[in-house]
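Each of the next two complexes has subunit A plus one more chain, namely subunit B in the first and subunit C in the second.
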Partner chain A sequence: MVSRRVIQNLTSEFRDSFLAKLGVALVVVVVLVAIFAPFVAPHNPTQQNLDASQLPPLGFTQVEQKTTSEMVDGELQTVTVNETVEAKLEHPLGTDGLGRDMLSRVIYGARTSLIVGVLGTLFAAFVGVPVGLIAGYYRGRVDDALMRFADVSLAFPSLVLAIALIGLWGRASVPVPDPFVALGLVSGMPETFVLPGTVVVVVGIVNWVWFARIARGEALSLRDQEYVKAAKALGANDSRVVLRHVFPNAITPIIVLATVQVAAIILLESSLSFLGFSGTTLSWGFDISQGRDYISSGQWWIAGMPGLAIMISVIGINLIGDWLRDALDPGIEGEGGGA
Partner chain B sequence: MTDPDLDDDVLVAVRDLSTRFFTEEGQVNAVESVSFEIRDNEVLGIVGESGSGKSVTALSIIDLVESPGRITQGEVWYRDAELAEEFRDTNASVVGDHLDLRTVPERVRGSLRGSSFSTIFQDPMSSLNPSVTVGEQIAEAVEVQRRASANPRRTRSRTAGYGLGQMIVDAVVPSRSYTSEESHARAVELLEQVGIPDPADRAEEYPHQFSGGMLQRAMIAQALAGEPDVLIADEPTTALDVTIQAQILDLLRDLQTEEGTSVVMITHDLGVIARMCDRVGVMYAGEIVERGRLEDVFDAPVHPYTQGLLGSIPDLEDPAPRLQPIEGNVPSLLDSEMPEGCYFADRCPKAMQDCLEPIAEYDAQSGSPEHAVQCVLARQEFDPALALHEDGDAEVVADE
Partner chain C sequence: MSQGRFVAKRTLQGVGVVWGVVTIVFLLRFITPGSAINAVAPLDATQETREAIARELGLSKPLYVQYGEYLFDLVQGNMGFSYIRGQEVTSLVFSKVPATVELAVAATVVAIVLSIPLGVVSATRRNQPVDWLATLFSLAGISTPNFWLGIMMILVLAVQLGIFQTSGRAVAGVTVLTSLVGPRSFLDTLVLWLQHITLPAIALGTYFTALITRLTRSGMLDELGKPYVRAARAKGLPETLVRYKRTLIGGAVITEAVFSWPGLGTLVIRSINLRDWPVLQGSLIVIGTSFVLVNIVVDVVYAYLDPRVVNE
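== the complex of A and B ==
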């Protein structure tokens, strides 16, 4: 399925492209951080400490106005004192409104985003690719029925559809025990990790159409290949032709699409968390929605840090997508891979 | 049911086969009432211009005509004593050891592909799956037929290991292999048989590492994997250069003699026909206009189209100053534009009034019983007084 030529293309493109290296580096870091979150995070991300709330990130100071009022001679006097809040070393990215460590929250948020991104993409591909292959291979009425249905799903705004589905099914949150904590390797960290089950399914349902479309296009062109005809003439049945001759040759664009979809789904998950639909409170989107209230009063980092994390991981994944596309599909000149 | 009138040495007999394409522009009569026989141990050539229906005829035999095409009428008789016995008391038409494949279930026709009928396609470069090694592809063809023949028809185990679930696993886990050691060994053997040097090493290579001629050999090896009774070669040499063409034709001829396979050679190249075939059918506008033994058709052609084809190839011994082209173009085959009578009449230098009437197949009166021709000239001499075109000027179209 993956021939030597493909690997050669991948390595040579990787060597030539700075952006590909950058993308891989970013994604590797994010993935490692997500997996080993209990070791990397300095604090328990759910531990509140109101004495140390709203601390700024290292290198910043925050001036806070404190207003006290007292009655002097029957008149109300207000005294405003400017108080400087210094960053603390143990909270390098500051703390949120409840004094939870932002760095730890961003680290744990990577887990949610990556798991939803990867599982959601797999689910979308699992639904979309067979539909597309069947539509493209059989053409005719099957194709019309499946693809018109896909078009209708596409016409629906994806966020609205996702919210509607979550509203319909409820927010199923599956607590998964953290293996490192369960083995006793780390202590003081959350014992379970919440997998937002509905969100995984919903983002898959919202995004399957893209996989169906690309698989259909590939199947349409591959079904007329001589080797497909030859296989049929030598006695291959339909399922063999599709799985053996069409699918493996359609895999390249599907992989490229999948990388881009992981990024898109991370964004969608963040939007859902931001709107409060995800079922987990350890998520970048959720933190952004929490931090939104503080932006006007100057505590920009509460929303800014998870936003930065989303940006870095989405950019990293998209750069990898560009690299794969340029390497596997030399026919397309990429804007991203020209370095 | 018409009596097919089949001799014992007839392996496949096609009777009145018509294939139509129902396109948006209208109905296209790609194959029009075609009849011919494939006999044991014999090479049948089907020759004609591009678009004359040669390939569709071949696909119709193995029932692989793609939508919007459909076989609208006709019979395909195939000799298989076992199958004939199985279907004798059913709705299927059975005469002696022959049965009409058009009347048996699709499943049976499918099971004959590869094991009874095998096909070699025109373009070897694209006829093998680029993501599977050549050896693996041939071994797979061997394995399918091995499992099918090891188990009685209709049982599930004929396709054991090639169920949907198994294939999904194979598609996801590429290292898993469906084929057995024996099939691999047989694949290497087949590659050796078709003259590929270092067959064991080359079997591990991917199609893009093969040259065109090598790929065509590999295709032939794959086609032979099921030990077919009939090998249909659809323009097997068109995409190859001349020296390779000769090698491939020699290989096919040798294999045909060794294995006793019958071959249907579809080509537009009269040289290939002359070199390979025992019997030939000339196709024009979806019809077989003349058929018979090679020497009858080539030495004493009756149909003006056959004469025109033979007149348009250069002769080394007697280089004429000018070749004689056939005037005009192939008709469109759209049903609404087809004339009543002979389709060739408007291009025919010897067209007469009678040619505008519907036409049947006649004995060519050449002394050979198998020489048949679809032309009025078989029963009457050309009479210039009745000619449609003056001086054989084919530009004047008599009837649209």
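== the complex of A and C ==
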């Protein structure tokens, strides 16, 4: 499994690298916020309040032009007044077009992004790693078939393939009860979390090939190692050799890849929900698409805040990815050299 | 292996991949819920139209016959008919290709012009403020959704400052060139073109600027003498190129959606929303095939520049 040398590399690299610490800190915060969203969010993210709509974030004021027309002495008079909209303390990141609290929406959006990112990556790994290990271990026809199939599926960009599949299959969403609300620990928050099921499956389908390729590469180089040959000579059957000797030694690059994949899938999920191919209305990409309609009137925060949230989360994950890569294997992705 | 044989081998592999692409796209017709006819007929089609379409597609014939006919039509450049739009798919899809190619090329130019100096400066002034800034920029660049970046640029540079247009493609890049000899004013055409293409090109190009900055930096550090980085680059560059090309086309789709850029990406999204599968299938084939073509060209150029690749 993960050897002591690997652990040593990880800790020494972590100690030396400010960016690695920053990455871990960012990701820990985002994960905690996502898990404990009902406790952290100040408001119910789906609660509309038209009296408090389009409030700017703290520290900003928004000038809105209000035009009123009335008939004075049989003539139509149009009056334009500048109205200043002040930020309110109870909505620190402002509110969206329907008066929903942006901070709460950003907090709940973290759940969608992380769950899709993690489940999608797990799905891709559970399909890709066994296929890759088998292909690399046995070589021959299985391997050829896999590599040709990988070439074909890599010919479609992930986003294009994903929207095509979702377009064909529809947008299934699975409501999952929120455990904290179900246990009565917190009230006034959404009772269910909507898991965009099709999106999880589809991002897994479009990404499993990366896992298959890396697992295959590892299996190819490991199958000729002395200890693998020795295990075979001692009479271990193939499944035992693959499971006990090849897979554990291939795990490091797979973990590095998985980290990068979570970031890639979070970006892919946000693109899908931005384009309306998700299945949930509580996600960062969805809010950006809502906020887009308010750009021409200057309400930047409705699209701006969820975008910053994506950026911060993905930066955090990428920093962890860089740390793992530098510590474990400078060869992956051609990105050697510390930050 | 000689260079010539390498080119021939890659081309043959490419033909195989295109065949695979076409087969998967053909099979997409059958993974949609309901019968294949629903995927092609407009939702409000009459019974007669549906029967006519079924006859046209040969849906009652065995699968291998349908597949054979599909391939036969494709080879002749016939990608079917969009009953929803009432148009030939081939001409529709190819009419959108120039806009997407123009956007992709512009984004690549942005990426190369910005990233190589950044990477060089970053590597030669290692661990100085300018290196930190470049590192921060490239980190943010690969972590920012390009559609969001596009919207924010629309907000600041188009809506607030009014320098650029928010959407659309007023003139083709080619028109700018022909205006040099034609009756149109060259300068006006150029400005109009720049007003439309600059923001989408930057939105799409930023990710690649960041990616290449990171690569150039580690490539430079290689020259400055780090053997393990050299090994990393030898292994990593082809993989990064694969990612680059995939992400470029995928990124173009969503950038087009943000800027209403009338290219293949907009066509794909509209086709899905209209449930216009023949057009979707045609677009997928064109996207997949062009990816394979670019792949072969890049591999051949790369093999020419770095002959070690040929012998792998």
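As a convention for this text, the second predicted complex is superposed on the first by the 326 of 339 C-alpha atoms of A that agree within 3 Å, B and C clash if a C-alpha of one lies under 4 Å from a C-alpha of the other, contacts with A are read in each partner's own complex, and residues count from 1 in each chain.
One rule holds in what follows: a residue touches a chain if its C-beta (ideal position, glycine included) is under 8 Å from a C-beta of that chain, and two chains touch if they have at least 3 such contacts.
All values derive from a computational prediction rather than experimental measurement.
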Side-by-side fit of subunit B and subunit C on subunit A, or clash: fit
Subunit A as apex of subunit B and subunit C, Cα-centre angle in degrees (nearest 10): 80
Partner chain in contact with A:10 - subunit B first, subunit C second, else both or neither: neither
Which of subunit B and subunit C A:319 touches, first, second, both or neither: second
Touched partner set for A:225, first subunit B, second subunit C, both or neither: first
Partner contacting more residues of subunit A (subunit B vs subunit C): C
Which of subunit B and subunit C A:270 touches, first, second, both or neither: second
Partner chain(s) touched by A:249 [first = subunit B, second = subunit C, both, neither]: first
Subunit B versus subunit C as contact partner of A:156, first or second or both or neither: second
Subunit B versus subunit C as contact partner of A:237, first or second or both or neither: first
Least Cα gap, in Å, left between subunit B and subunit C after the two complexes are fitted on chain A: 12
Touch list for subunit B against partner subunit A, complex: 62, 64, 67, 110-115, 117-119, 121-123, 126-132, 140-141, 144-145, 148, 159, 162, 164, 167-168, 170-171, 174, 206, 208, 219, 222-223, 225-226, 232
Touch list for subunit C against partner subunit A, complex: 13, 16-18, 20-21, 24, 28, 31-33, 39, 135, 139-140, 142-145, 147-149, 151-152, 154-155, 159-160, 166, 214-215, 217-218, 221, 226, 228-229, 231-233, 235-237, 239-240, 242, 246-247, 249-251, 253-254, 257-258, 268-269, 272-273, 275, 280, 284, 287-289, 291-292
Footprint of subunit B on subunit A - complex, ascending: 1-3, 5, 139-140, 225-227, 229-237, 239-240, 243-245, 247-249
Touching residues on subunit A, where the partner in the complex is subunit C: 148-149, 151-160, 163-164, 167-170, 263, 267, 270-271, 274-275, 277, 285, 288, 291-292, 295-296, 298, 300, 303-304, 307, 310-311, 314-315, 318-319, 330-337, 339
